[in-house]
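Some structures to go through are shown next.
First subunit A sits with subunit B, and in the next complex the same chain sits with subunit C.
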Partner chain A sequence: MRGRLIFTGQLAFTLLVAAFLAVPAMLSMSAGVTVNYFRGLQSGVTLNWVYQVFDLYSEAIARSLLIASATLVVTLAVGVPAAYALSVRGGRLSRLVEEVITLPLALPGLAIALALLLTYGGFGSFRRSWLVILAGHVVFTLPFMVRSVMAVFATTDIATLDEGAASLGASPWRRFRDVIVPNARPGILAGSMMVFTLSLGEFNLTWMLHTPLTKTLPVGLADAYASMRLEIASAYTLIFFVMIIPLLLLMQLIADPEQRR
Partner chain B sequence: MSHKSFLWLCLLPLAVVTTAFFVLPTGRLVVAGADGPQGLGGYFAIVLEPRFRTTLINTLVLAAATTLVTLIVSTVAGLFLQRNRFPGRSVLIAVLTFPLAFPGVVVGFMIILLAGRQGLIGDLTNRIWGDKVVFAYSIYGLFLGYLSFSIPRVILTIMAAVAKLDASLEEAARSLGASPWAVQRDVVLPALGPAFVASGAIAFATAMGAFGTAFTLATNIDVLPMLIYTEFTLDANIASAAALSVGLGVIAWAILALARSFSGGTVAAAG
Partner chain C sequence: MSGDNGHGVAVRIEACGKTFADGTRALEPTTLDITAGEAVVLLGPSGCGKTTMLRIIAGLEQPDGGGRILFNGADVSQLPIERRNVGMVFQSYALFPNMSVADNIAYGLKVRGVARKERADRVAELVQLTNIAGLERRRIGQLSGGQRQRVALARAVAIRPSVLLLDEPLTALDAALRDRLRTELNKLLRALGITTIYVTHDQAEAMEISDRIVVMRKGAIAQVGTPRDIYFAPQSRFVAEFIGAANIIEAAIADGQLQLPGGTLPTVGSAPAAAAIAMVRPEAIQLVDAGTAALTGIVDSISFTGNRQRVSIGGAATQALIVDAPNTINVKVGERVGLAVPREAVRLLPREE
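Let's turn to the complex of A and B:
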């Protein structure tokens, strides 16, 4: 009897927390397709707001996809070889390098953006292009890629595999391509999802780095929240949800199966 | 090419990118912080100047409150979800962790829908008491926003930690006659200590440094990131913005480093 009561109490509490998290998201999704949010769903269902968002912000959404893809390419090219070298070398220097590249996770995005602005504000064409946003996103997401790949190397004894291939006469480049990268696949996949999702939603850095001509999806969101009617802001949020939900589901699928028991 | 030089080659892109876009800019930021009229004194303004000090205290209180409430809520929910099997459990977990990928701006909008002018709480209180309760555009709205930002992350950490707990310890405590409450207090909660420290530090650092949520709710909320933003964009006071963001960065980094030395795990902020 008592156990039953405790169970019900805890369940009610957990449901309340879930409601706190989910109800606003559901409100937002329904508001995005409601003719008039103030009058509620009986005013009718429409896709007009969604179309209007595409009219207003399709460029920002496309730019975000471009930046997220470019960020992914750079973090792969830079992060995977680095994770390999850091894992195999070990030692003090590797730990120091790891420490430095994970520092951006501890620093507020605002500080990193300010630092980039102070350093590259004078380089007009770089400052005005989307490349400065790319630089910020790479700095911010690189540690996720490096750590994700290193985590796989830590469990597969990559050094022994590497030495084995070397003793068979494989060149360093061939070993990297045919032994290291295939073994790192789960980490590369998880890291890629993480990097892409983070870049797509990044605001703290991007708000400081963007110009009126280089708005991204989240910058557009902030703009819509501040100056558009609630239905348009909601429709835009709905589009963002539709974009990230497949990414999230994929991430959960490749995440450690222990969590899904 | 020798193995050793290949490894150096692998590190080269990382060295170039990190140096150009992180190490040099951060160095520039630290120098800029001491470049104002007060020189190095600019760095002490964060505690000496009353206006900055009030903001710093506000931010610390907000971050501490967020951390405390997030830990309590997530522990109750996380323990429950990991210990019980019932229909709908996986859906509930999905709902609780789905907001993990919401950027701060979206979290801010969620709070506006909940407690803003056209929000749910205002609507309900208006119907019940005829008085609209609206608190989204204040530090209370920000607190609510950081809760919904942090709870999903912390719940995941706590659930993973609970899954790794040694059930035989609780068994032993029970067989020695400990009450269910005593088992929780003396066995379960202490064992979750490292998870509390690690995830609490992340919640704290995020609540200190995040910017998007506050920006969406109201630009006049008196917290450190908003102060830096207004110093930089509205007052064009670059030295003080730089000094404040270095100060904010040092606090956030120190808290995470401290937590890491306690819990031994990997700790990082996000968002």
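Let's turn to the complex of A and C:
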């Protein structure tokens, strides 16, 4: 009887917390399809706002997808070999490098953006292109890729696997391809998921680095809230959710069987 | 390179020392020659430098300046492990979890560009040899410890290495399996006839596997010899005590006899000394009638282990003497017994340490 009571209490509490997080999101999304938010849902349901968002911000959305993909490519190309090198080499220098890579996590995005602008602001064409945003996103997301790959390496004793492959005659590149990457897959997938979603939703850095011609999805959202009807901003949120939730589910699905094995 | 019934290469370790970045000296400059086809065991307690020596031979560590590794007289010191053609079995096996058993065994051949058909033939041959036929398609995660050990060995010899290096290959297994696999491994290594360098801290393993044992201590070689040499003629107290059980006796020598509280022990021709150190193996001491013996003592305790009984004798020497007596002898605690030791079984050791 008592156990049941405790269970009911815990369930109620969990649902309450979930509701606390979910209700605002639901409200916001429903506002995006309401004809007039101030009169509520009885004013009717419409997709007009969603169409308007596409008209106004489709470029920003496409740019965000491009930047997130490019960020993913760069962090994969840099982060996985870096994690391999750091794990295999070990020692004090490796730990130092790891700390330096992780540093951007501790700094406010604005500070990173400012540093990037101070350093590269003089290169006009670079400053004006989306590449400066890409650079910011890579700095910000790289630690997530490196850390999640290194976490897998730590549990699989990658240094010994590497030595094993080397003893059989495999060159460093061969070892990386045949042994390291396949055994790092769960970490690579988890890292990719984080990097892509973080890049897609990144605002702090991007807000500093963007130009009117290089708006991204979250910057567009802020813009919509600031200068458009609330319904348009809400429709924007809806689009954001619709884009990101399937992505999250898909990556979870890919990562899961690996972990169960 | 050599085939299955070849003998591998002769290995020379020349003045190889190893100091790690933090300043620890893992290995003093050491020189050792290993002939082609020989099985050598590096034996010692943990931290004695045996694994470091193996890793230097493998090419996983670089020796300090001046050290060289030669395979059949050719300097390989500058070659990384992947170009030394060594077969290596790791303590943790280092099998690839992303590949099947067959793919693990064939990996070295694949890297060398051996054709698929030939690889399959070699795998078939090796699973027979190592008793794991039928497991080819299994994942590494589905294997028992003993099976993993066999896969690791099959993978290491698949490439027909010049030298086979084994780093504590049986340590990860439980005791019963370890004994069984030890005998099997010994047979297999003899059949292959490759130059083998085997690291272990287990002296029983070392005795069974090796042609020669290299006993190591604190980063240096303490003694090199056949298992019999090492057991019967240790050159230091450390080796005597590390290999098998040993009674260490400290006593003065007069008239060619060790002078003990309970009598005398004969020694092989030696000058008189105020304080000598002698070693007697427990099984070399015979329990005899106390009336006629030159050395007597009192039975302190008896532990019966089935195939023999271990008797502890007090009062004979300054410390209790351990005697391995046949299990048929009838002695009682508190009884005075005589101890007979053949002269050649009392080995004098240098004073040091």
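The criterion applied here is as follows: the second predicted complex is superposed on the first by the 232 of 261 C-alpha atoms of A that agree within 3 Å, B and C clash if a C-alpha of one lies under 4 Å from a C-alpha of the other, contacts with A are read in each partner's own complex, and residues count from 1 in each chain.
Rule of thumb we're sticking to: a residue touches a chain if its C-beta (ideal position, glycine included) is under 8 Å from a C-beta of that chain, and two chains touch if they have at least 3 such contacts.
Because the structure is a prediction, the values reported are computed rather than measured.
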Partner chain(s) touched by A:G44 [first = subunit B, second = subunit C, both, neither]: neither
Subunit C versus subunit B, contacts on subunit A by residue: B
First, second, both or neither for A:D178, with subunit B first and subunit C second: second
Which superposed partner A:G201 touches (first subunit B, second subunit C, both, neither): first
First (subunit B), second (subunit C), both or neither touched by A:G91: second
Partner chain(s) touched by A:F240 [first = subunit B, second = subunit C, both, neither]: first
Which of subunit B and subunit C A:A166 touches, first, second, both or neither: both
First (subunit B), second (subunit C), both or neither touched by A:I112: first
Doubly contacted subunit A residues - partners subunit C and subunit B: 166, 171, 261
Residue ranges of subunit C touching subunit A (in the complex, touch as defined): 21, 58, 60, 80-83, 85-88, 90, 92-98, 107-108, 111-112, 141, 155-156, 159, 165
Sites on subunit A touched by subunit C in the complex: 91, 156-157, 160-161, 163-171, 174, 178-179, 182-183, 261
In the complex, subunit B residues that touch subunit A: 1-3, 6-11, 13-14, 17-18, 20-26, 28-29, 32, 73, 76-77, 79-81, 84, 86, 90, 92, 95-96, 98-106, 108-114, 118, 120, 147-148, 151-152, 156, 159-160, 163, 180, 205, 208-212, 215-216, 225, 228-229, 232, 238, 241-242, 245-246, 248-249, 252-253, 256-257, 266, 268-271
Touching residues on subunit A, where the partner in the complex is subunit B: 6-7, 10-11, 13-15, 17-18, 20-25, 27-28, 31, 37-38, 74, 77-79, 81-82, 84-86, 88-89, 97, 100-112, 114-116, 118-120, 135-136, 138-139, 142-143, 146-147, 166, 171-173, 176, 197-198, 201-204, 207-208, 218, 221-222, 225-226, 230, 233-234, 237, 240, 244, 247-248, 258-261
